[in-house]
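Below is a structure I'd like to ask you about.
Each chain carries a letter (A, B, C and D) given by its place in the written order, and its residues are counted from 1.
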């Protein structure tokens, strides 16, 4: 077993959900989600149909902060704008897997990307949800990922519902004209799943070395804890090699797992490497 | 004064309505309408914005039965499909001048392109209106043209309303969210205009040598006949030269003014000329 | 939801098996441009029956289907042979009462297709006010009001064909389809349909598609089958490859309203598409292509 | 209705005169891609006040406008500096209550723009059911029902900006505008607005546009003014010309939440756009372009 970091396990776990049914719009460069899709595309789901930025039908790309957008266009078969993507993918039930993160997330599958504190006079004005308010309900699978599993993020009820899965169970989703599919939460500690409206999330697996009780203690909503909790599959050597040498050689995914001063320095070092590679071609 | 045929006068009269405001979708190749727009574009309205087939922002083209479509794309700045044209031109009040012909036309500005006889069991099943049902009300100016001014075509009431101008007067059009503009009928005898809901068409002008009473006698709806009816402006020598040598050297416009066996022979002769020109480049 | 995966290429001969009798089928193209005529001929050869054809502006495609007794219903906003007259077999079958039909307004049909393609049961628009058509079809046209302004609008119901058949310039095995000239209603028919069949002038490798990404009007995730059919729109046009074959159309129009149409259809049935091309295009295909090349724009404007 | 005619080219310096104080202005681009930043800087230089900015996914554009006190209202579905954090000046002005705002759902804003662009007072869609946002804005979000199926849908009101400012790759004097990479919401903002200003990397002659007709996302009849602004999206990206300038963005983010922002804004105000380019791009512009060239796709899929 090759040694790995937890963000690498999260990437492989999210990648495992990516299949070749439907289309996924990734939008802006979010390293963990991008890495997961690229890993899937290079392994078990080569024909996963992806759109990044306005590049539709992308080839897999190498991740970088300054190059991901340009790379997305290089192997793509089509160009659309946001509105065409909305109408041709999201709202027409062609959406496959939607991966989001948020400031708060609760046991109903609701996300808060709007506000901490009163909406009109917020303590923290969050960035807003972009299309998440509508999209997380439309896609077949919703994946929420969090690098820091904490009851401050995984809360009992979000302070403000920016968007929500709305219908969760297969039958209630079908009745609402939505594709049936689960909510899957992937964190640095565990994987949680919810696939019925009136049942809580259950712990699907804990990562190696994590006690299920630690997961419960750090989750603000009720969890169904099976008597025998499986352990999350670890990344394979092949997956790690693909991630480290092909998909994310600059290490963009790790960035979101750092904080404070370390975070800024890490970003500077990645950007320095990206600059030098480009500069070498013109100097 | 150069001698001219009446179809040439009709082209110049329709062309006089074409200006540089708004956009005109011409759709399939209808020689008289196409000729009028090209003449306008080569004379007083060089920046008239035209779409033919799915070519948007066309350059002026030479007319031919087999080459008009190809020519439309050659100088055009943009490609759209039918739906984008509908939403971006027709329904968003960007439509400038709409020229139509129909099997029946009446004094309310209604057209029948659907049926002669009962709708479900027609005596003559007509081709249908395509987008005319919606479009003739949306454009700033509606022009209806008829090569054979007859009370069989210009009827009191159409048997079936495929589409209609709906609102005619400037104020009622504005109130309905439509661009104000008249209905102008251009025939082989005269020009008729209607610009109020509750007023009949009036004879705007008769073509040289036509008695206004002949127009009235051959029109199935009531007409307002001014005491002094002007004569339609005749084509200038420059207009005729442009039409005959540049815009329509094969004579496609005249085709619609022929009938019976003469019509078929004329079409064959045009197509023969078109074929020979193309064949000469590959043999 | 469709699968974007796998090689979708099938031969034209497989088309009949992809379109069951009784299916509703939207046919692409418009006017004398880019109708999927190879597919039309193949459906005739396959002996398909009772198809509910959907066309925005049909021409020889619809008339030939009517002549070959393939149709059980026709939904259209226009069908015409333009300079060659009304469509004789569509006229005959409708006037005799043997072909049930639905006459749409043109924008209504396209917006109905759009509605389905974007997951809506209807869409509102400023409709054909004053037309006699909406009242005939209350299941298609209704009235709705803007919840903000109160404005009365026309609602048109979503239109979902079982199958859409469209003809593209080129397509790869994944179904990514490109057009350069007239695409007409093709993309919106495809987005609305349960299954999409693309015929194309040429099947190409993915890199050819990637080199011209702005020409990809229909991404592969919509497409279920890809069929290579050179001159597949003939005798209608496919710009920039070839112009309409006005001579074959004139020949068709001359026979379509007479007893000769029986032999015309029998010949289509008896020959393969290769035979058809050899018969009508030998010594002529290059001229049909040259008609595109010699078409002229005029100088003196847009300076 | 707009006039498609005439030469619409004006210098960047004329921009301030085209956007009155208090106007609602939709700004194109999304994420760190293709925001009309030269126009943003010019509005600051022109001393514009009380603009109602409309953005789908804003970033440094909105934060800089907030820092320079140009905004009277902000409508957005997201504003973020992504890896560089939340947008400090947007946060500060909203949290202090000095910047009135409207938080749209992303699809709601785009469909509201679409509605206006296609002449509709509203459009229905399967909306953000369960979200707390619609109830806060009953003048924007309402409930409507399908007149055929009865299905309950979300209606979003048409959104008409006074002005849209978008940044294109190239444009001719008639306003025919082309994009190759990210166009985001640009075309739909332009179709919805009363007046449209296109800044572009390069003004070209019409034949260049005609050679690449599939790249013309916005035809000239929509456009009122064309402004050449090379590196006009900097420090955001304009693919395929240059990548985002992450270093300038990091510099901005470092100052934006501190008192240093006052000097940052003052410097923008005091220099011309030529000065700006000379200051931040000398010896760097070619590397920003090279970042596009070296970006890599990975082999091994889509084979």
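Basically, a contact is a pair of C-beta atoms (placed from the backbone, for glycine too) under 8 Å apart; a residue touches a chain by one contact, two chains touch by 3 or more.
Note that the coordinates shown come from a computational prediction; the quantities given were computed from them, not determined experimentally.
Enquirer: With respect to inter-chain C-beta contacts, which pair, A-C or B-C, contains the greater number?
Expert: B-C
Enquirer: Can you tell me which chain lies farthest from chain A, using the average of the Cα atoms as each chain's centre?
Expert: So the chain farthest away from chain A turns out to be B.
Enquirer: Measuring from the mean C-alpha position of chain A to the mean C-alpha position of chain C, what distance in angstrom results?
Expert: 41
Enquirer: In whole angstrom, how far does the Cα centroid of chain A sit from the Cα centroid of chain D?
Expert: Centre separation, chain A to chain D: 26 Å.
Enquirer: Using CA atom averages as chain centres, what separation in Å is found between chain C and chain D?
Expert: So the centre of chain C lies 38 Å away from the centre of chain D.
Enquirer: I need the residues of chain A touching at least two other chains; which ones are they?
Expert: 47, 55, 59, 73-75, 79, 91, 177
Enquirer: Residues of chain D touching 2+ other chains?
Expert: Residues 118-120, 125-126, 151, 174, 180, 206, 214, 302.
Enquirer: Pull out all the chain pairs that touch, please.
Expert: The list of touching pairs comes to A-C, A-D, B-C, B-D, C-D.
Enquirer: Which residues of chain D touch chain A in their complex?
Expert: So the residues of chain D in touch with chain A come to 30-33, 56-57, 76-80, 82-83, 86-87, 90-91, 94-95, 97, 103, 105-108, 110-111, 113-114, 125-133, 136, 151, 179-188, 217, 237, 239-240, 243-244, 246-247, 250, 286-287, 289-298, 300-303.
Enquirer: Along chain C, where are the residues that touch chain A in the complex?
Expert: Counting only chain C, the residues touching chain A are 1-6, 117-120, 172, 174, 176, 191, 206, 209-210, 213-214, 216, 219-221.
Enquirer: Show me the residue ranges of chain C that touch chain D in the complex, using the header's touch definition.
Expert: 118-126, 139, 142-144, 146-149, 151, 153, 155, 157, 180, 206, 212, 214-215, 302
Enquirer: Across the complex, what residues on chain A touch chain D?
Expert: Listed in rising order, the residues are 27-29, 38, 41-42, 46-47, 53-55, 59-62, 64-71, 73-75, 79, 81-83, 86, 90-91, 110, 113-114, 119-135, 137-138, 160-166, 177, 246-247, 255, 267-268, 271, 274-275, 277-279, 281-282.
Enquirer: Under the stated contact criterion, what part of chain A meets chain C in this complex?
Expert: Per the stated touch rule, the residues are 20-23, 47-49, 55-57, 59, 73-79, 87-88, 91-94, 96, 140, 177, 179.
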